[in-house]
Amino acid sequence: MIRIEQVCKKFRRLQVLDNISARFEQGQVIALIGPNGSGKTTLIKSILGMVRPDSGQIFVKDQQVNGDPAYRKDIGYMPQIGRYPDNMKVGQLFRMMTKIRDAAPPGPDEDLYRQFGIPSITEKPMRTLSGGTRQKVSAALAFLFNPPILVLDEPTAGLDPLSSEILKEKIIAEKKKNKLILITSHVLSDLEELTTHIMYLQEGKMQFLKDLQTLQEETGELKLSKAIARVMRGYDANNEWIDQLFAVEKNNETPAK
Amino acid sequence: MKTFLTILCCSWTLAASGNSIIVGPGLPVRSLKKAIELAKEKDTIRLQAGLYKEGAIILTKSLTLIGENNPVLDGEKKYEILLVSGKNITVQGIVFRNSGYSAMNDYAAIKLVDCSHVTLDRNTILDAYFAIHISNSVYSIVRNNRISGVPASEQLTGNGIHLWKSDHATIENNHIQGHRDGIYFEFVTASVISNNLSEKNIRYGLHFMFSNDDIYRNNIFRNNGAGVAVMYSKKVRMEKNHFEENWGASAYGILLKDITDSYIVQNSFLKNTVGIHMEGSSRIEIRQNQFRSNGWAIKVQASCDDNVFHHNNFTGNSFDVGTNGTLVLNKFENNYWDKYEGYDMNKDGIGDIPYHPVSMYSMIVEQNPTTLMLFRSFMVSLLDKAEKAIPSLTPENLFDNKPMMKKLSL
Amino acid sequence: MLKLSRYVLYDILRNKIVLAYTLFLFIVSFSMFRMEENGSKALLSLLSIVLIVLPLVSLVFTTIHYFNSYEFIELMLSQPLSRTRILLSEYAGVCISLLSAFWMGVGIPVLVFSPDPTGLALLFTGSSLTVVFTSIAFLAAVRSKDKARGIGFALLLWFYFALIYDGLVLLTLFAFSDYPMEKFTLLLSALNPIDLGRIFIMLKMDISALMGYTGALYKDFFGSGQGVLFTAGIMGLWAVLPLWLALRSFKRKDM
């Protein structure tokens, strides 16, 4: 569904994407992981056409990503930070979006819209919303048009545990509908139950793209985080980052248990 | 019946002072020349409607020549139509057309030479080189004439009403347009120009030189190439005239050059490039005039002294006063300036701080005229503000010490 | 496109800055006409507002709006919408809101108190300058990396067009005062929309003075139907060209 061919991108002297090639197919949930500045967001933005690669091509459903915006009707995007016009009301935002974009069959998907309780805040201006509520709005918008591809940039950041859970379940449901889902997250435990594939980026280079099973078999670890850690040590990567990752994970896991 | 009687009475009265000769096509006397030949002193010639092409006509007898129903004397572009010389002559109600042009002589539709008490009344003069040319005459009256020329170049067009070396002339109620100078005075004294409308002339609406003790009042000078020029004269009274839309690089409401001991009172100057331009003039009293929407209301060259400007209204002018030097020997007092931003604490109607009518930018424009394109820009207003705080370019002693707070009703 | 700009417009019209701007213009215009006995003097004061405040507000407000909408623009970019359409919608939204502020704040008082050729020329110039400087601001904003730089750039542009340019012109005119510069000044005026708008108003307000020095040149040029077309044409260029450049940059830009 998405084909990335030898994509390179430089921001001034910094090589943000270094010769990335990958194929994502439907039914897959790809976890894009890597330290800050590893090029995750740039890759996503390249797929969305917001960043133009210096060389290489990206195809979405066999349509090359260039000037023509039409291919984006197949993508639902949830940005890392959703900011909206201050004085626009929530209801208006949804009305506007439905006016500029048609939903793919079988029609609009209002599950998250309802589950996040957005109908009750339609009269609120966007500027009055908290960061978490804005994330809910972003998520609801991404799923609203029932697109075959979903791109979620740090979807659970800022969401309360309950909403986070709702979102995860929604992702699983969409996965079952044979959609392609691309997720970046720092919180590996969030990805645990969702992912089918792991794509690991560091300093603009793709270290590996493997399905979860292979990864588990290769490392002998069942837990995603541990498996990755093992692989990482093998790749002689930035150990410090992995340690940090575990620290975060522990912090996250403790209250859950 | 009544009309008939009136006509009868009139002709009888006229007949009492002389005989009447009727000239017209199909009448015993068909030619004006012939009639003049036949006429005796004090006779009246009645010229009936018709077209007369008689070349140059000379009139020296004391006759009254009356055109009835607009007879036309045509000069065929060759002749000076009517030459008058003598006294007590009246020419009235005749249309003069196509008088000749000569580069050597000042051909005119009507020329008066060495006359006294000659009246030109209600005539129409079309397409003439000079329309009315008067020289060496006294007590001439030019009244109610319509004069319209075809404006060509300054060389090919003569003046509308031209007076030279005359005195006690009266020029009133004429409408002059399309000539070189509408009214031209040279060496004319003790004369009055009033209620005329002089417009669309190539050069000056009124050109006035070496003519002392004259009055002109209630005239309208509008849209002339260079406005009105009054030069090298003394004791001239200019009253209640209206100067409008005299536009151009050297166009003025009035250009005053070497004028002394004169008065400019109750005139209005509207939309002229320069309302009054003065050079080499002294002892002129300028009061109760309206200066509205002019480029410069007044330009006073440094060569002027002892002139007094008081009780005038200055409104909506781009620049109120312009000058070319820093030495100013003229007096401004009790004028109303709409740009004045002072205050009146004691409520006597007079501003408490003096008004400086010369702006910094008007001095700059005086030096370099093209900079006018920057007028009213932010930079120029900053310059003007700076100059107000620390005067350096503008003449310090040019100010109105008693500016009026309210517009004067004039 | 209108669908999108309708919402952009709706958002801006609720913006307190735009409301304050409208109110400011209205109060200033209204009190000027009230205080001054003759309308032409009030127009004169309004002229400074139009020539100085309008470009400044258009530049700064547009730049701030662009950077505040940055994430929203990103969101729009992730939708099946072309970049041209997105930027033009933003432009239309900002432009219409600033124009309506101007027409409500200045247009209504002028039409009520002084609906003469000078007043209409003022409204024409004001509208043109709003459109032009919004367009210039978009170029500055798209080319700038962040908000602070964008606003700095906008202020610099304002300073240049409102003040520095005229200073340079003054110096040039004095440096070459021995040459006939009248025709050249026509060219100079076309290179700064503020000057062009100002001269357009001067032709109504100071026609008598203008006739003196530049002679018939300005009047023949700007006063004729051709001149009005020329002014409108150059203003149009000033609006279209920066916007076109902004679009070109925006299309190549990495968000």
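By letter and in written order, the chains are A, B and C; residue numbering begins at 1 in each of them.
Assume contacts are C-beta pairs under 8 Å (C-beta built on N, C-alpha and C of every residue); 3 or more make two chains touch, one makes a residue touch a chain.
Source: prediction; values computed, not measured.
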Exercise. Centre of all protein Cα atoms: which chain's centre is nearest to it?
Worked result: C
Seminar exercise, completed: Max Cα-centre separation from chain A goes to chain B
Exercise. If you average the CA atoms of chain A and of chain B, how far apart do the two points sit, in angstrom?
Worked result: 89
Exercise. So what's the Cα centroid distance for chain A and chain C, whole Å?
Worked result: 43
Seminar exercise, completed: Chain-centre distance (mean CA atoms) for chain B and chain C, in whole Å, is 46
Exercise. Using the touch rule from the top of the page, what residues of chain A touch 2 or more other chains?
Worked result: none
Problem set entry | Touching residues on chain C, where the partner in the complex is chain A | 3-4, 7-8, 10-12, 14-15, 68-72, 74-75, 77-83, 251-252, 254-255
For this session: Could you pull out which chain C residues touch chain B in their complex?
Result: 37-38, 40-41, 44, 47-48, 51-52, 162-163, 166-167, 169-170, 173-174, 177, 181-182, 185, 188-189, 194-195, 198-199, 201-202, 205-216, 218
Exercise. For chain B, which residues are in contact with chain C within the complex?
Worked result: 245, 247-249, 251, 271-274, 293-296, 315-316, 318-319, 338, 365, 367-382, 407
Exercise. How about chain A: which of its residues touch chain C in the complex?
Worked result: 11, 45, 48-52, 67-73, 75, 77, 79, 81-88, 92, 96-97, 99-101, 125, 138, 141, 151
